[in-house]
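In the two complexes below, chain A is the common chain; its partner is chain B in one and chain C in the other.
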Partner chain A sequence: MSDNLKRRSIPVLNAVIPLAFAFALGAIFTMIAGYNPLTVYGLILKTAFTSGGGWMQTLGFACPIILTGIATAFAFQSGLWNIGVEGQLYFGAFAAALVGAGYFGLDCIPVGLQMPLSVLAGILAGMLYAAIPALLKAYLNANVVVTTIMLNYIAIELTEFLTKAFFQGDQSYDSTYAIQETAEIPKIMSRYRVSYAIFLAVAIVLVVWFVSRRTSFGYEISAIGRQLEFSEAVGMRVRKKIVLIFLISGAIAGVAGATEVLGVNKNFMPNFSTNPGLGWQGYYVAVLAHNNPLAVLLIAIIFGGFRYGSIAVQSKLGVPLDLLNIIQGALILFYSIKYFHENKEKIQKHLKKANPAKKEEQQNA
Partner chain B sequence: MSAIIEARHLTKRFGIFTANNDINLSVQEGEVRAIIGENGAGKTTLMNMLYGILQPTEGELLFKGQPVQFHSPKDAIEAGIGMVHQHFKLSPSLTVYENIVLGIETNKKLKIGNKEINLPLIDNKRERKVVEDLIQKYNFSLNPDDKIRDLSIGARQRVEILKMLYRQVKVLILDEPTAVLIPQEVEELIAKIHDLKRMGQTVIIITHKLNEVKACADTISVMRRGQLIDTIVNDDAATAEKLAEMMVGRPVLLRVSKSGKPVGDKPVLEVRHLSAKNAEGREVVRDVSFTIHENEILGVAGIEGNGQTELMYLLTGLMKPTAGSVKLRSKEILNEWPDELRRDGVGVVPEDRYKQGLCLSLPVSNNLISGYHRRSRFCHAGLMDYKEIQKNKDEMVKLYDIRISADDPPVSALSGGNAQKVIIARELSNGPEVLLASQPTRGVDIGATEFIHRSILALRDQGKAVFLISSELSEVKSLADRIIVIHDGRIVGEFDAESVSFNELGLYMSGAKEMKQLAGEGGNA
Partner chain C sequence: MLKIIQSLLYYTIKMSTPLLLCSIGGVFVQKTGTLNFALEAAINTGAFTAILFTVLSGNLLVGCLAAVLSCMLLNVLFGHFVVNLKADAVIVGLSLNMLMMAIPPYILQVFFKNRGLLMATDIIDVGKMALDIPFLRNIPFFGEVLNGQTLLTYLAYPIIIVLTIVFYKTKFGVYVQVTGERRDAAEAVGIRTKKIVWISLMISAVTCALAGINLSVEQAGAYSLNMSAARGLICLAAINCGRRKPVQSCLFAIIFGFSRALQLVLANFMGPDEALVMDVVPYLTIILVFLITEIPSARKNVMRIFREE
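Up next, the complex of A and B:
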């Protein structure tokens, strides 16, 4: 019984320890900058999580991170390291902004359809952009990490170029025209950041969760993510699945970009996804959540809260927002260390197996 | 005679796992000692300790009565213990003599008066001469100037042995030396071992092949689950059956009992003129044709690397052919995907069970359905029925005697034999018309091997066809009704399994003989 308790507590400890370390490191930097870390952390928590209004803001900041987090986690659980959510988000946002603002004569779209079609445009753009690394991976076995990271830079610069060269709205701003009011995703309460997109985000999380757990596609994803060669050998048509998984991940990233434009920003501004970008935050979230959809939801909300809290701290105390970036970076760093092993026996078993397994391998070589 | 190597209370632990437990071993000078045991019994761990690759956790090692500690193989070789591994460590582009002296080359010397100065140049002439003398002394048929890449496997093994003899080892350890050899080479090796013994060499041979042990050993040590069970003299009382029983811990049926049901005349799988090139563009399967009938097991004999792997890939939808056709009950299935093949009734036991047959980190229940997971029993309208999947697992575990420690552990927690039973259970329970099995019992313990053999024979007796590739020639011969021999991607011979001899098969496997007219086209003639 106590053994069981021990085993259960290990993953929790493995999550809590890096958290403590990250905040300790953040505290050191806060002190160096001349602030009391307790005051700073206290204020962040208080603003973000103790009032109704705080929660509304927190969810507003969390919404795109939930989406980028789930987009990343969905690809990651299939063993496809799609680090390109940031880029896919940029194209999603860009396309949604253009359709929403009625470029290309698209202002003829009837009122009720403007918002959904803008979101759809974002989805398609995200998918198309994800199709590039997907096809490169499936047919040329190109390293996904490399291609997706590089495509991020291309997306960021290309959308900036396109905006400034062809779609610049009001000349005093480097951004597209604002979207039509009828294309906006309405806010739940006008004072707060959160729009109805949050329901879409939660729904997507639940769908991904359901698909992963219960469907035959989910079964195949888990096999592909664990052992590609096996999945191919038992007939899972891995290439097709790789492309499909990438497209879905890109589509969700596209939704993240589109809802951010339609619900919050109202136009496409180059580099709108500020450092570290929403895609990168999604990446952190997915890693910390072990790609578990429900954990993604929870951690993304915490991340959103800290984002909002940090902004409040910056305006009230003058603590730079970069502090949050330090904590987030440190969190991932400390997280990558396994402090406790989940099951000592498991390791022993692996050792025990190491010998025959090696032999087997050599025989086949 | 005195003990040349002695191990006292030797124990090796990896964490909490004990690979070798309190081993007491004493090898006499000048004897041939066989160490036998199943896979995972701890034979290799023990040898690795004698050879300095591993260091014992407890106990001590004595060489010629003196306690020794080997920190690396180099120490062991210097003391006089040499080991030839199952997989050779030779440089293919260098010559025989260069490989033999590799690491301890002879330098050219400059004589000034009485003094000799080593020059940083290799004295090839002298090296070659020394090696040539060595080859003559031990009567090894080798040419010192041949490049390793041009040599047969048997000849490469002789080079490995010479490499150790050149280093003047007193004890020669051979790790599974016959695993890669054809029957003729095995005979040659056994003769060589006798020669070495006559010349005073001590030889330790690790193996699980009992008839070879019988043919060359003076004494036999049996290992089981990390312990040295017993050491016996190799006399008439030490029968293969007795040795097998000692290895496994219970009586074992060494001979497969066939039902005697005659081979049917309806063809099930017809392969015609199948050819394929590998990624480098080399033709690895060349114009292969054969037919398997109802109630028939067709065995494929051949030295590994002669196209068996690729042939299996072609038949299981993992490789594209350049030409040919494959018909399953007159339906063309050559370019079908693996999932379509399974739907059509092709069961697959892949060569590499841990890469292609099983998903190690998924639980047993999930592995028992993969490839068949979209069948209506497990999946309704895209939704998995995990209750049914658990039920299926319980059934299979019972029916196929899969031994699992927990309720539904990941496959990685299973032994080799039980992991293979998961594949066998999955493929046989889904009613295949033909079973394509490659190396079905490699690395599998004797008990599970027995079970797998029985399952394959039972499938045959149900009127199904079985295609069996195995590097264990005795397995092919005892299971199959008909044997085809593959050499360099081509079928070079076809035999009735009952009447053909191992020697005859060996001649074809090595490429020394070839049939002009093959019966394969028409069936089993």
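Up next, the complex of A and C:
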């Protein structure tokens, strides 16, 4: 193998090996349950990726994951561990559902504006909720991971309480009233899950990609992520940037919640995003994609396909959907280590030169 | 009124137990400078395997042993990834949490056809778990509070005392502190920091397993989905607020236990729907306490926001 080929294959190997490990672990769990892993995996891939209808469903499941993934990745780029996308998504969905269902007099405004206004409500709710950890981080340096995770739980409990206590609709299960038809995001084809929100999601990905790669704000984001002290010292207004980054991240999370309600569910149900939750899936995607927006798009679509395929497998073969969560969790776990270092050989050569006595040790390691 | 105060105190002690057990072990790992989000996974693992193996074997002791062993296994996994392979502790911890949220429902669905609940009440008599100690019962007022707790609640406090002594008074404890403060300096004087982290992880595994056993075996006699309900993360917050010192961390754990007791007691006075809003109380308390403890250190920061402690 030539040197060049070797170096190029390293990132590929680093991506493929965790995938193999994760699916091997998943295979063990499938076999424990008494199923043939090849049948299960084959069926997942077949339902999700081989037919036009399958792709439509896949994109439908991928749409919210793309958005939560990009929301998470955007904050992660700057080293802000916004695990709170889940909570921001809940409030976004809740606000969009309330406005869309006409709790606040939606009829007063022109029909064409009702849907955008509902989405806007979701965006604002997501932003407001993201503002809490943002301000706490910027002005009190509170650990973002802890505050955002706690805020997730608060969001889930609070929206459930509000739904049950004040906004219970006419359904027998806990939910708000269904949104008005004029506030719906139309589906591309009525049979399939995917709505026109997918275009919005892709547009947001492209905008985020452009902003983080081509603008000075994007440069500042990555600078803050790499070296906070430096960024502060050279005069970036780090506090304001932290708040801004969080607000944008929360806004995108709000879009995810709003589009899920307005395009798919048509009302807000407590726990509409569980097992493990759309926000958490976004977190998976962001970690796997190394916060690269375009990679987020790709991986989110794959994850959406896995989800659709697994739901089909659950109903056809009876393998629990939790299998997918096990595979995804394992994927992140195995992905957290680098299996091959790109400069490993160079380092070893250097070390050998410097300390020939340790030669054997190096080889063993 | 007296009754309310009594039940509030009773539930504070009861609800604090898993938090205390988890925090005191977690302090060691946290002090070595390893951010262990897998505390959550460890509690969940302990709670799940304790019930699972009790049901399978029909023996409570086997279940408890399995819980301790499985928590150790989990922490070995965590340690292997973080200490040996130098992976990002946050990512490893969160992914282990995810895994342990997915594996129990999968196993329960496949083998017991109920992904949310596994009952062991025919083997474990939850009523008998509350111990009746005559000596405590006869104390006026506090008898109602202190008596009738479970075994691990009574054991938690000696465990805390012993581990606090270990933390401050033994060579190992000092090594733990040194490793956390200055890892390179510790290594320079010949402390094997990896080994220190490993031992800390094992201590944490045992206490987390006990916390899990307390939750599933002693308090419920069953395992229900996501039983740990963020307790591991709450403990992490307690340890953070307590500046990674054992006694202080435990005090914060009790504060958080109190907030949960407050939620339970106040919810009694409300309708079922309104009571839901009280579910927010524990989480809100954590954020508030977190802020209150952060404010002084934030003010001290000369270099504004980026100094850690």
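One rule holds in what follows: the second predicted complex is superposed on the first by the 341 of 365 C-alpha atoms of A that agree within 3 Å, B and C clash if a C-alpha of one lies under 4 Å from a C-alpha of the other, contacts with A are read in each partner's own complex, and residues count from 1 in each chain.
Note that in this section a contact is a pair of C-beta atoms (placed from the backbone, for glycine too) under 8 Å apart; a residue touches a chain by one contact, two chains touch by 3 or more.
Everything numeric in this text was worked out from a predicted model, so none of it was measured.
Legend: residue contacts after superposition of the two complexes on their common chain; A:Arg237 is shown touching chain B, with no touch to chain C.
Touch criterion not met for A:Ile302: it reaches neither chain B nor chain C. In the superposition on chain A, A:Ile149 contacts chain C only, with no contact to chain B.
Judged by the touch definition given at the top, the superposed model places A:Glu229 against both chain B and chain C.
Once chain A of one complex is fitted onto chain A of the other, the partner contacts of A:Val287 are limited to chain C, with no touch recorded for chain B.
Looking at the shared chain after the overlay, A:Leu45 reaches neither chain B nor chain C. Set against each other, chain B and chain C touch different numbers of residues in chain A, with C touching more. Once chain A of one complex is fitted onto chain A of the other, the partner contacts of A:Leu106 are absent, as it touches neither chain B nor chain C. In the superposition on chain A, the residues of chain A touched by chain B in one structure and by chain C in the other are 229, 232.
Looking at the complex, you find that chain A touches chain C at residues 29, 32-34, 81, 83, 136-143, 145-147, 149-151, 153-154, 157-158, 160-161, 164-165, 228-229, 232, 238-239, 242, 276, 280, 283-284, 287, 320, 322-323, 325-326, 328-330, 332-333, 335-337.
Chain C contributes residues 37, 81, 85-88, 90-92, 94-96, 98-99, 101-103, 105-107, 109-110, 115, 230, 233, 236-237, 240, 273-274, 276-277, 279-280, 283-284, 286-287, 290-291, 294-295, 297-298, 301, 303-307 to its touches with chain A in the complex. Contact residues of chain A toward chain B in the complex are 214-220, 222-223, 226-227, 229-237, 344-345, 347-357, 359-360, 362-365.
Residues of chain B touching chain A in their complex: 14-17, 19, 39-40, 44-45, 86-87, 179, 316-318, 337-342, 348, 350-352, 354-362, 366, 370-371, 373-374, 379, 382-384, 386, 412-413, 416, 442-443.
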